[in-house]
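Two complexes are shown next, each including chain A; its partner changes from chain B in the first to chain C in the second.
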Partner chain A sequence: MGQEQILFYFFGASVLISALCVVLMRNLVRSIFLFFVTLFCLAALYLFALADFIALSQVVIYAGGVLVLMLFAFMLSSRELLNSIKPAVSGFKVNHLAGILTSILFLFILFRVIIKTNFNQLMWIQKSIPITSNENTAHQIGIHIMTAYLLPFEILSIFLLMVLIGAAHLARKGGKE
Partner chain B sequence: MTFYLTYVLVATALFAFTALFTLFAVYSERKISAFIQDRLGPMEVGKYGMLQAFADILKMLQKEFIIPKASDKILFILAPIVIFVSVYLGFAALPWAPGIIPSSLNLGLFYIFAILSIETLGILMAGWGSNNKYALLGSMRSVAQMISYEIPAGVALISAVMISQSLNLQEISIKQGLLSTDVIYFLGIWEIKSVGGFLAWNIFQAPHLILAYIIYFIASLAECNRAPFDIPEAESELVGGFHVEYSGLRFAFIFLAEYSMMFLVGIIGVVLFLGGWNTPLPNIGSAKLATWTNGIAWGIFWILSKTLLVVAVQIWIRWSLPRLRVDQLMSFCWKVLTPLAFFCMLLSGLWRLGVMQ
Partner chain C sequence: MIPVAHFMFISASLFCIGLYAVLTRRNTIQILIGIEFMINAAVLNFVAFGKYDKISGGGQMFALFAIVLAAAGVAVALAIILNVYRYFKSIDPTKTDTLKN
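Here is the complex of A and B:
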């Protein structure tokens, strides 16, 4: 096994284990800090797909932005309140049944799709141009955004502007009237 | 195998550098503050108190690790490590001289920016883990401030990147001196490809970048929680901010991170605006000052002296300006710096299209 493979399995395992811990942990704040491990190792996995720009964006946006916002929400509430959140009755309940059934079915569908697909026959994989590891991906992303994907990009930026204006409007202190 | 050995050696050298720099910076900070306040500063340990920083470190090493009883122990212990490592990782993509860069990434600047945003998480960890009201308040203030000031800093950096057309810090440095393959114009009119020197720096290639550099410099002060933006640490109201509960080596690591951060933001500003490792001396006629002072040793000398000068200015500002209030801090960021930074970005685009064809 090459060093890349060892690293890949290491990061893959870290993603899975930390994600499981995030769900299972009782201490909410700790589980959010563990969520950082999940997101960071996910960024490392993006690197294996030669998507370095996406990996760094993941670190900036999720680890540096979204997680910090989530933590802010927790820190504005009191510690006793956080400790008092506990499931009312432990053990198996009837309403767990639907959840378990849905997740098993979804897992089954995912497995079937992955096994049935012949990846070499897919059109978008055959058409794609292979890239090397020292290619300047930011350059190519820029060119593609400004040519082939200009309209979606502009629509997204207008949408984000709308969100910003909306957030600023909501955050304003009550009107003077 | 030797391949891996160089990796380890480079990483160790960078760590040793941050530690040495911190010792040096602590001493110079004390001496400069003493000079500004008309005192003598440390005078007892060694000649002119030169060994004071070593004595401080010795004191830190001997101190007991105190973990508050009600703290979240895992987070409390991990926080200083997260804070330091995030800053230390940023050193991986810094160019030191022509051809000397630990990791020449195509996205070098973006990488440093991304990895530094993890520091906020470490600060929140410290604040929450300490289970102390002052620490929590300090960390919340620190994070609010860092997130806000990342925006003007980032936009000011982007306006420099637009002039250089690259995120690779080594390429950005090359484009500001004699080694450039493009034609360079001083202020967009005077062709100075063979003259070099300070005339080829980004701030003189496109003069509006002087404004961008000032914006970046102010925002970088806020990002390392330095005065006049030190409300997270405000000794007089918050006792010491997010690191009140830390003692001994753990506190030393937080301190190390703070001073390494000062160096890091200083060197990023130097690379993007002040010519990186390029010499400030231009070629004048037959006196080829720029050609003579170019090379690996000179490169390291120039970039270090420029960055240390910037750090000295940071220290000078800390000891001459009073602390800002929270609302002043935020309105300054959002109402003054951010619009100005966007204006610089607009000017960069126009400059690129109109002047630097």
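Here is the complex of A and C:
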């Protein structure tokens, strides 16, 4: 087992363990901070798929944007919101059992499908030219954005403007009732 | 060289953790985090297959678009959660059960 494999499985394990901790943690602020760990390790996994630009934007957008937004929405908006999130009454509810069963069965189905599929036999993977590790993917992504994916890119920019206006409108204090 | 199947195992597990969070948590913020886990699992799959798609780069491009859309979704969802808290004084989804009051 080479260095690459060891690092990959280390990051994969830390993604799953920290994600489980995030989900099971009772303290909300602590679980949001653990979410950082999950996102950084996921960015490391993207690097193993030779997607360096995606890994970078994951760090910038998620760790820099989404998480800071979540923390700000909590800590700046209202103290009651933070106080209202008391640890829920412990106890095993029926809805927990159903949730656990559903997710474990779904996991079983997904694993079975993945094990049964032989990815190296797929036609398009055999025919494809894989990305090699000495390439500049940011350069290629820039070319793709300005040629083949220009329309989705423009639609995305309009959509982001809509989100900006909509979120600012929704989050304003008071207003006319 | 790591096989695609191992990426898919990790993303399938991450998806199921997100599904569990969405189904059982009683706190809207944690449900939102569960949705983010599911989106990230999908992005991991996109990226893992995108390694074999050098010419058109579809996997990496759509991973990028998915990350941006998820971030936009979080911004709107947090604004809605703050409003819901202002009306109901609670962000437990089982207690917020009316659309119009």
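Throughout what follows, the second predicted complex is superposed on the first by the 147 of 177 C-alpha atoms of A that agree within 3 Å, B and C clash if a C-alpha of one lies under 4 Å from a C-alpha of the other, contacts with A are read in each partner's own complex, and residues count from 1 in each chain.
In this text, a residue touches a chain if its C-beta (ideal position, glycine included) is under 8 Å from a C-beta of that chain, and two chains touch if they have at least 3 such contacts.
For clarity, every value in this text was computed on a predicted model and none was experimentally measured.
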item	value
First, second, both or neither for A:I6, with chain B first and chain C second	neither
Which superposed partner A:I131 touches (first chain B, second chain C, both, neither)	second
Chain B versus chain C as contact partner of A:A63, first or second or both or neither	first
Touching partner for A:L150 - first (chain B), second (chain C), both, neither	neither
Touching partner for A:L161 - first (chain B), second (chain C), both, neither	neither
Chain B versus chain C as contact partner of A:F106, first or second or both or neither	second
Chain B versus chain C as contact partner of A:F36, first or second or both or neither	first
First, second, both or neither for A:M75, with chain B first and chain C second	first
Which partner, chain B or chain C, touches more chain A residues	C
Residues of chain A contacting chain B in one complex and chain C in the other	53, 57, 65, 135, 137
Interfacial residue positions of chain C with respect to chain A in the complex	1-10, 12-21, 23-27, 29-30, 32-34, 36-37, 40, 43-44, 47-48, 50-57, 59-61, 63-65, 67-72, 74-76, 78-83, 85, 89-91
Touch list for chain B against partner chain A, complex	72, 74-75, 105-107, 110-111, 113-115, 117-118, 120-121, 124-125, 127-128, 131, 136, 140, 143, 147, 167
In the complex with chain C, residue positions of chain A that touch it	4-5, 8, 12, 15-16, 19-20, 22-23, 28, 31-32, 35, 38-39, 42, 45-46, 48-51, 53-54, 57-58, 61-62, 65-66, 69-70, 73-74, 77-78, 80-81, 84-85, 88, 95-96, 98-100, 102-104, 106-107, 110-111, 114-115, 117, 119-120, 124-125, 128-131, 135, 137, 140-141, 144-145, 148-149, 152, 156, 159-160, 163-164, 166-168, 170-171
Contacting residues of chain A [partner chain B, same complex]	27, 29-30, 33, 36, 40, 52-53, 56-57, 59-60, 63-65, 67-68, 71-72, 75, 79, 134-139
